[in-house]
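In what comes next, chain A is part of two complexes: it sits with chain B in the first one and with chain C in the second one.
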Partner chain A sequence: MSPETKTQAALEVLDLTVAFGPSASPHIVLSGISFQLGKNEILGIVGETGAGKSVLAQALLGLLPGDGRITQGSVTIAGKPIAAMSEGERRRLRGGTISLIGTNAKALLDPVERVGKQISRVLRIHRPCSRGQAWKETIDLLDKVGIVDPERRARAYPHELSGGMAQRIIIAMALITHPAIILADDATLGLDATVQVQVLDLLVERARQLGVSVVLITHDLGIIAHYCDRVAVMRDGKIEELQPVEHFLAQPQTAYSTSLLGAARAKPTRGDRLAAPVASAETGMDKDRILVVDNLCKTFDIGGGQPPVIAVDRVSFSLERGETLALVGESGSGKTTIGQCLLRLLPPNSGVIRFDGQDIATMEEPKLRPLRRRMQMVFQEPYVALNPRWRVSDLIAEPLDLLDRVPQTERRRRVDELLEMVQLPQHLARAYPHELTAGEQKRIGIARALATKPDFVVFDEPTTALDIRVRAQIIDLIRALQQDMGLSALFITHDLNSVRSLAHNVIVLNRGRIVELGLTEEIFEAPKDPYTRTLLAAELPIEWSDTRRSGAGRSPVVALGA
Partner chain B sequence: MIEATKGGGAARAALPSLRGLRAIWHLIPRPLRIILARVALIPMQLFGVLLVTFVLVRLLPGDPALLLLGNMATPDAIAALRQRLGLDQSVWIQFMHYLINVLHGDLGTSIFTSHPVTQDLLERAPATLELITYAMILTVVLGVGLAILSVAGRRYGFDRLTRLYGLAAGALPDFWVGLLLIFFFFHIAGWAPAPFGRLDTYLTPPNTITGFYTIDSLLTGNWADLGSAISRLALPVITISLVNAGAMMKMTQTVFANVYDSSFVQHARACGMPESRIVAMSLKNSMPPIITTAGFLFGFLLGAAVIVETIFSWGGLGQYAVQAVINSDYPALQGFVMVAAIVVLLVYLVVDVLYELVDPRIRI
Partner chain C sequence: MRTWLMRPGAAFGAALLLLQVIAIVFAGLLAPYSPTTADPLHTLMPPSASHLLGTDVYGMDILSRIIYATRINLLVSITAVAGAFAIGVPLGLIIGFYSGIPSAIVMRLFDFIQSFPVFVLGMALVSVLGQEIWNVALVLAILFVPVFARLVRAEVLSLRQRPFISAARCSGATDRSIMFRHILPNAMTPALVQLSISVGMAILLTAGLSFIGAGVRMPTPEWGLMVSSGAQQLILGVWWVSLFPGIAIVLAVLCFALLGDELRILLDPRRRHR
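After this line comes the complex of A and B, so read on.
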């Protein structure tokens, strides 16, 4: 794992600087990037949004968008600098010697072509062979990347595949030409955790077997800890530190790395406060229960004479005042649908929802309206949920204006108060949503939900798609709100790490049904249901240990000899 | 505080017979399924077309008998003609008669030309169809070609040139373009033949097989006719195409540019795909809106080509329809509306079938 000598390196980047914009006042996006990628090494590149990770991948492929250009330094692949190559050579390099696996596989496939054809097409432009031969190799490879019934799947169109399956197709597309290097740019972003580990296990295992070097670009330190040999930490277009993962996890060299690692760890559980609400099986009119859900069902008609999809199937639970209940499960498990039914944003098909003693499942809208101020939702995608033409102050004040007539001074005071509550500086009140970062937008979403001082809040995926440190900040914020306001909350997420830090109790959902429920600690310590166990097994904690995924542990030196 | 019901899924009612039918339906290959599903609708649509043309005629003011006989007719003569035309019977009986007549190919007699309308239409429809078919082909080739050039060649500044053309094509009226072309290519340069009709006057038309002079002369090996037909088609076809390709180009440009910059095309580039394949792939993904626009344009040109037909004395459907309107020739007009509706119906049938063929995401 020591730095390889020149002859060994599959890829060598030396003092790479990339700029965009006019040459008079260029916008430097990457500066002085240097690293070597050894044969059969897996190098992780980690960094937050805007660190320049994706631009680096594009520069390595010689595919910088727009007017992006390399102003300094060099990229050398297999001993030849790409700057010295002709356009034709560079084209043969892409996909032939260095393959890309990108984010959101379904968008990377040609929607009107059979996936098998797309793979064999890549093979045939790099290694001329007959159609039949290419098709045969494609089927063989699909089998090797874990696709069941490859003959039939190869004839499928992209829209007929799941996200995980599409990602395997992309991996096959990258492997078909036997490249020397694979660039995986946030390849598993947006996939369910269980699918993510399957895909990464597969990728790393195949790479180790075939002796391929991999650059794994990610913002997830768990992936780095489990799969990589060395890690480069990127920030503002520079590599902050570059060292073996083991050392990085034990002794990060920079304060930035330390803060990243700190943010990725689960917060210590909240001890005595957690113990307060204890699960009790009896129903009844307990005054302490803010919400009682009984036999909730929701189906969606999909038309075409097909049977309706059962999104929520006879779900019952209850929530005490001051309790935070987490709803976890993979995509399609019905988490968000339940949240929307509880607030009557969707009408439930049947079942009882008692909010503070009143059944709201079938309540008429005029009677429900006054209750709405007491139950709020923080939406999943804050940017989409904010009117882009309004300033932050108006966005936050909107729920106040809907309530009663508030004098201007009082209104301004409340906006300031709410901004402070979500820990945002007051000058942001004049900003528009597009001027805010993702984390700030989430906070505005939270402030809007809290404006009416609700008794019950549904948080829909509040930590998804956020950078490590921002996610930790949002979790801290929600913890503080729980403490200060005694909020009763339903916390919808697939990020188990945040459940540990936030929820007293947890419900595990699978295909619209509750498979397990109880105290968070108990369920996470001793899951009873096999589905819960699968979910927990797919987590990638950031500790370097024996728990590293199989096939990832070999050092490149050993693999070279093998 | 938490209680839950763990239970089986809700009962799913199944309709076995329906499901069985669907299974058989899905055994048929997809392209055949698409065509079958669309063709099955044709009889119903045709019935609708006939009903509408019939009602349209009934909505026209005045008594056809009175109109046919003129102002000097005696009441007896009018009554006799009404009886002969079946106008004294109920509307439904009349509709039945009309249906039966149409099914026998009888569309009545034109008041103005005194020929059976069917015969008139059979003479003129091929002229118009030949003209707009070639115009459509050229329009699509020109519009789509320029759009591709402007997007794929934008770093060479092609997009500026095509923007200029788009602007000009949107502003120029077709009669003016037609007259300009005649002026330059016939009058000044003398390259094009005189703008009168589909064939040089001293030639006899080829034997009718399809009604398209170009195809018929090719099939019968009549080379003189072929050359003449092509040279006479050139100017009107170019006129129609120049005017309409602008819209086609702008529409294709938007769609094509979106696809050309999309993630899967970027990924294809990262896989080392050559530029020609990238363009082909992007074009395939841009097909649905292009097909729709082409189909719409075809239906539109059926009537809109009349000005160009007039300028080039084409003797087509459009001219016939205008004549019928001017002369209150209701049987002729009714016949034209019916033929136009049927052609549009068939074009949309082709459009729908093509649309579903190029996009595998549409479920049949």
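After this line comes the complex of A and C, so read on.
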């Protein structure tokens, strides 16, 4: 990299090494990170949990937590190394020249202050102007980041806003000082796919218009493919490769990148999947159906004299033996509530749930208990669904202890068998949940659900919050288990890719109602309902195309340092 | 456990506890005099070689009385708190798990007990029941039941909502198995920490009740009573009668407060390995 290019770069990082812990035996978190960020460039940084992405963002802002420190190398922003800056200069830098958009916008906003005030305060710190002037600029900007009725929204408190709206507020806060660089650290994590594309479209479009450079930190290769000019792949605190996205997608240079792309693109061929059972609602005798749901309703009282919230509104469907049905929809569509009603973790308000011919919607708990061994659930968040004080062997064996009452030797044999089934080593039987990775915890959850050899399993968001490669492994595992055990499964998810690879039939839910129901292929290829179309359009396939999102004003790839 | 004892707070607390246990077990061997024999010829003697901590207004040896008093003070406090724990924890578990009208009634009863200043209620109850040492223990137990029950109930209320409870229900667990196998072990930590802190508080209360004359009576060796018997002499420059039992109270309370704090660290499940 020649020194002449330096003047071009908005941000230059050279051989950056960051360490935590005692200086005698430091824990190196980042080592030898070097890259340049060109003016008006969008650089994606992708990597799995623990790769050091967030620490990098913190180092760039000079905000390393605890005893973290830069032990080597330099960060140069707009031609000036941050190490040479005074504390005051650094403060002006943060929020003024370089600003951060973090994950979980609602937690980043002060809950007791109006959001407009919080934005205008940032402006007034960096550029002296009157309150009135700052407020006016805030309203203008809120309008530009797509907030309807900005005057009123600016006077709202954070809890009055939706997640997507709060994220826009954070974006406005980052843009208000016209910074040269924006760091977006997993800025859309936890948002629904449709909201995610809206927020990212907006951020990238604004950045292109204003000539701002952006570092997009993410673990979603779809986001990289659609919004970034160049991509840096991080692993274990190092940059594995750095090149234009187009080349990266076509020809990754390292084996690690290849495996990441492979895992993210994994789309099963049709033959891969179970032969669809005779299927479709009209045919099929009642005895072929393991589950029949008729007019299920569930409301929640929110108190305060307000009318109850209708979470599930007259939902009817049925499930054949050996069938996999996916329930898709955004957050708040009622899909998890339906799953919990089916297993009677929540009592339904009305409707019939017939499991293998018996109506369980109103069945007494003692009568229901023997049926529980035949219907199980894999819970959404793996860690919190495991008792933190129990060892893995006891966690897996709990259903056996409660329902099958097997002798000790048999119990141990079954635990080993189940661990093998979910592809975990046997020595983990003695571990506690907090000693496991998220993927391992998920597998334990699956092993628990399969312990009693159930006929029907509800998988609640089995792939969310997992890294790309772990996600692919879990999907493979579920598919293999279903083939071996002939399970009937209800798949609750918003990850459309996993639906494609696992489900025979799909139900699309919106606000507690079924908007579309049918064969997976048909719905994905020819969605009839406008809501389904919106959902599908929000997907970001990992492919290079010239019609990328928000092409507006997109600059040609600046092949800096290439 | 070993690394835990390396912590200064834990080591100091454990050492103090050991000291008290030795005093309780070997009081007969350690005490140079009988704790209850008056000696009219040697009253209010300052600390000297024959009476290391001096004598009181009856001529009784203060060191011997402090050693013997450990038995009374500690045993009363520990019995009272243990009783309160044994009743309060299951009660808290039940009223936390089943929130209904009976639970609400129990909670209001706790409000009633706790709305009185502890000293006033303690005095009233002891004078109704009679100034017996075990009545003091009973009164303390009554005062501490709501403390434990409330702590456990609060934990249960939040644990009840956790997904692993739903997961257990899915696995076919009954209410009883959920309560005792899942909720109770996870709800115990604050109660166990409170256990140790409460013993310290009970020591202070026992001594306090005796000090104001609502606890045990002379000549029983008891720290609070000893402080009170020396209080009138303080103005005459006789400081040793009150000071030494006072130090004993401070050290005993400190010991259990320290152990309680350190217990919290020891009981964190994330500290456990393999």
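The rule is simple: the second predicted complex is superposed on the first by the 531 of 562 C-alpha atoms of A that agree within 3 Å, B and C clash if a C-alpha of one lies under 4 Å from a C-alpha of the other, contacts with A are read in each partner's own complex, and residues count from 1 in each chain.
Going forward, a contact is a pair of C-beta atoms (placed from the backbone, for glycine too) under 8 Å apart; a residue touches a chain by one contact, two chains touch by 3 or more.
Quick caveat, the model's predicted, so the values are computed rather than measured.
Peer 1: Assess the superposed three-chain arrangement around chain A: do chain B and chain C clash, or do they fit?
Peer 2: Aligned on chain A, chain C fits beside chain B.
Peer 1: Determine, under the contact definition given at the top, whether A:H126 touches first (chain B), second (chain C), both, or neither.
Peer 2: A:H126 sits against chain B, while chain C stays out of touch.
Peer 1: State whether A:R289 touches chain B only (first), chain C only (second), both chains, or neither.
Peer 2: A:R289: touches chain B, not chain C.
Peer 1: For A:P307, is the partner it touches chain B (first), chain C (second), both, or none of the two (neither)?
Peer 2: first
Peer 1: Which partner reaches more residues of chain A, chain B or chain C?
Peer 2: Higher number of touched chain A residues: B.
Peer 1: Considering only the touch criterion stated at the top, classify A:E435 as touching first (chain B), second (chain C), both, or neither.
Peer 2: second
Peer 1: When the two structures are overlaid on chain A, which partner does A:L345 contact: first (chain B), second (chain C), both, or neither?
Peer 2: second
Peer 1: Looking at A:E398, would you say it contacts chain B, chain C, both, or neither? Reply first, second, both or neither.
Peer 2: A:E398 sits against chain C, while chain B stays out of touch.
Peer 1: Of the partners chain B and chain C, which touch A:R372 in the superposed model: first, second, both, neither?
Peer 2: second
Peer 1: Looking at the overlay, does A:N387 come into contact with chain B only (first), chain C only (second), both, or neither?
Peer 2: It touches chain C, and chain B stays clear.
Peer 1: Upon superposition of the two complexes, what minimum C-alpha distance (Å) separates chain B from chain C?
Peer 2: 9
Peer 1: Using the touch definition up top, name the residues of chain A that touch chain B in the complex.
Peer 2: The touching residues are 61, 63, 91-96, 99-100, 102, 104, 107-113, 121-122, 125-126, 157, 159, 170, 173, 277-283, 289, 295, 297, 299, 304-305, 307, 310, 313-320, 323, 325, 505, 507, 513-515, 517-518.
Peer 1: What residues of chain B sit close enough to touch chain A in their complex?
Peer 2: Chain B reaches chain A through residues 1-7, 9-10, 12-14, 18, 22, 262-264, 266-274, 277, 281, 284-285, 358-361, 363.
Peer 1: In the complex formed with chain C, which residues of chain A make contact?
Peer 2: 340, 343, 345, 369-370, 372-373, 376-377, 379-381, 384-389, 398-399, 402-403, 430-432, 434-435, 445, 448-449, 451-452
Peer 1: Help me check something: in the complex, which residues belonging to chain C touch chain A?
Peer 2: Where chain C meets chain A, its residues are 162-164, 166-174, 177, 182, 185-186, 269-270, 272-274.
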